[in-house]
């Protein structure tokens, strides 16, 4: 084999590589990946307690973390095994048990304010991620049970520990759509 | 054995109607006690307006409601309220709050019970409201408030009122007995209902295995000479009396999936409901009693009984000669869709058209059933009147695959039980589907709650952001003004 | 025309790349758990196969042969296929990130899908023209997609089957694939007469 | 007025009188069970079995006995291995149907161990690997048959010359040969001339040798008045059995009609175009495994499509593929492979032939 042939071969291979590289580089720069739609679909499966047990500030940030591979699907105790299975099915991954580091699944609960003890300090109001606590400064507060996600975020700010968690009522009546109306 | 009918499939079943239908209607005297379930069979309860110890008369309102799916309850006998408590009842879940009234033997009538002077003078809207107040509910088995159906028929502009006299379920014959004995009441009620629903015409549908009822209703219609009130004879095929299947057979239209009959321009009422409307119009009587078939091999003398709502089933069975043989199941309704009750202490509800006391002779086929794996034979799909594929639904139900369940129409299932009936592997399909529907319903409620929480969370985030931005702007403008000496608007700063 | 039709039938059914030649088994087993993913894989492979067949023919016919560089074909074809696969990946990520997630590693692995390289090399060996190459590539891709989709729907049905513990997952999938190949043996000899 | 709404504040009542069982509705069923279906199928195979024995000797009975014993043993073993109760599965008759179909498909001269091997593979690999009754995507009998056919092509294509071919053979000689074959004796030594290819195989080989179809049909060892020698009668008997199943509504018309349509329509067209080489519909219908496949094999509900429309596609596919393999393929009869090929398409067909649900747009 003469040296000229080797040079030609190298040149051909290099030319091909460069052409492909340029074409792909252009395509990568000009064709936008559509990340949002995946995040939406993952977010739709999360329980929206906004509790932060996954160590992300709310459900959507966690969904984004799952979508870009930063977090596993086993970090959502309020969703429990059901959510893990739904996520596994959506993403075609193997279902796995919940990671106990992020808490254990518990039956659904809602916050309840002992109005006798409440001093109306209003510190729990900004803590609620879904605005489910009604009240104002020096007024007794109460929790809108139907809207409460049971995230427990209102517990730490309360100076008199007047908030406790109680078993949640069944959601199916309030959130069902009666067929005839 | 199988016969094609006007809808997709269905089957001709053993009717078992001769047992109760041959004997005359028994009028039950007021029992000593009634147990009035506040949920009259729809899954939604009325709220009691009486207290324990209060005296009530015949027709006194004891529970009211604003819920479109619940109906008002009236005292069917004069006496004292002795208890308001959760008891076993013939409803979903098996328990309901019940008002228990001990009769005092008098026939004192509440002042509110007055004949309607002239139903034709009432506007349709008034008519609907009065029927709602009278607690008139569907007597065909669902117990759904008549007024709610009429209102949606008005809103959606329904053109045809179908009166359901197609009593397709085995064993039940109270509508048949009523049509033979009180056809004039039914026709009168039909006219009032037609007016209230605002429909152009009314069709009374009767299955072709009830010639006596057909003859009686034909005579009643002829006496009336109303062109917009007609009779339709439909084939006796189960489930011909199911609302949607009957509408298709009579009006030739299909009720859209997930929609109401009124969406197809039709509203359906039971013939017995029409007769109850006639009683309300002529006597002012709210819904206090109903005709119920008491039958099965486990009662001595099967018959149709007119009994006050709330009558304990034990009293009904006593009126039919008491138990006979070894009763195994007490079924509210027929053998295909009836609900098996734990005890005969429960009260008669508006939705209960039959009390079937079944012995091994009646339900032996089910008792001896051994469930085998599905062999995909497709008999269930052939029988299904809705055109579902039960064997694929079963797989989806066992896997709890909600999307597949929805797509395959688990909600379109009318719970007729035919798939179970024909299944050679004896799989309790209808039960599995009921279970799957309940789980699907819960999952969707959870999803709606989650969507609600997401929306509130988003709104809150936006509000906080807006507040932060506003604060920043205020801060900046104050700072800017502070840095510009001589700006009068900030006052004398130096 | 008839010859092209026979070529297409042969490449897609009779000598199905997966079930008769056992090429491309990696994505066949790997991406057959869910219909959406399998459909995406089928389309991506069809796309890559068709484009790569055409481009590899062009390279072969107009670059390698004139320059006497036939011995470079494997290297050049793989380079070319890798480029097309990368392009396909960019497209998938732009249109459906969920599909991108579902396909995962198997999308770039189309590069090493022996069916793709096999088609390019067979095109050269059988001295197919440009049109023949394209038809051969497309029908091989269609055959791959058909086998993949049939296999996926079978596996979805097996998901809810009461499979013995020892056979759950991959074992029963392999048995199924084997029985599919057995069924495709019915086509052997087809066209030989 | 009482405080209502909260059920917890309302006292509970307890009653303990007469209690009833509260099982869910419906409370009656037709009671037409799987075992009854399966035994009806076996019963419907009896006429074909009689024809088979009369024409090909008692080999079928030997194959049936070995297939049934193996099938029951394999079923019991598989269930024992999974710690399941074997008794109901053995009694439901489904495994016997598999054994019968396989025994009817294989040549009656097959050595017993091949019959046993095929049956064991059918039951274990075709059925229990997937989880047993109702779970198998492929027709177990055809799995067993196809494995035998590709592994032992010589044994699997050697049939006795049927009784209705004019010759001096007697049924008792057929019987002796069947027993010899059953024990694996070398049949060429003593029984050469008593065995041969089936009619379809002979025609295929003849066409390969450039004979024309009329020439081949002129030979009196291939075809009779109706169809293939020997097989015509079996097909006729299978048709009768199949019609009985249809009458009893165990088999619905869709699959058999579609299978026959898929086979006969193309053969009618091809025969019209070139009667020199293409087999006519009558010959196609009454040779090989046509009727057995159309009424008994393709109709196995477990591995067939489930909706009416799907069944039509499924059956038509089987008929068409069988015709293609018979016409151009490497095997004399294509039904086993046609059934397996359409079996693997069934979930796909089911996916796209969901019937319209009441009240929904098509």
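In this document, chain identifiers A, B, C and D correspond to the written order of the chains, with residue numbering beginning at 1 in each.
We adopt the following convention: contacts are C-beta pairs under 8 Å (C-beta built on N, C-alpha and C of every residue); 3 or more make two chains touch, one makes a residue touch a chain.
Just so you know, these numbers come straight off a predicted model, no measurement behind them.
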Exercise. Which chain's C-alpha centroid is most distant from that of chain C?
Worked result: B
Exercise. Between which chains do we find the greatest number of C-beta pairs in contact?
Worked result: B-D
Problem set entry | Distance between the centres, which are taken as Cα means, of chain B and chain A, whole angstrom | 41
Exercise. Cα centroid separation between chain C and chain D, in whole Å?
Worked result: 33
Exercise. When the centre of a chain is set as the mean of its C-alpha atoms, what distance in Å lies between chain A and chain C?
Worked result: 37
Exercise. In whole angstrom, how far does the Cα centroid of chain B sit from the Cα centroid of chain C?
Worked result: 56
For this session: Mark out which residues of chain C touch at least two other chains, giving numbers and ranges.
Result: 157, 162
For this session: Would you give the residues of chain B that are in contact with at least 2 other chains, written as numbers and ranges?
Result: 258, 373
For this session: Among the residues of chain D, pick out those that touch two or more other chains and give their numbers.
Result: 132, 135, 350
Seminar exercise, completed: Every chain pair meeting the touch definition is listed as A-B, A-C, B-C, B-D, C-D
For this session: Using the touch rule from the top, collect the residues of chain B that touch chain C in their complex.
Result: 373, 395, 398-399
Seminar exercise, completed: Given the complex, residues on chain A that touch chain C span 5, 8-9, 12-13, 16-17, 20, 23-24, 27-28, 31-35, 37-38, 41, 67, 90-92
Exercise. What residues of chain C sit close enough to touch chain D in their complex?
Worked result: 35, 149-151, 153-154, 156-158, 161-164, 167, 172, 175-176, 179-180, 182-193
For this session: State the interface residues of chain B toward chain A in the complex, per the touch definition above.
Result: 44, 68-69, 144, 148-149, 152, 258, 260, 441-442, 444-454, 456-457, 459-460
Problem set entry | chain B to chain D touching residues, read off their complex | 2, 7-8, 47-49, 51-52, 83-88, 94, 97, 170, 244, 248, 254-259, 327-331, 333, 335-345, 356, 358, 362-363, 365-366, 368-370, 372-378, 381-382, 385-389, 391-392, 408-409, 412, 415, 417, 420-426, 428, 430-431, 434
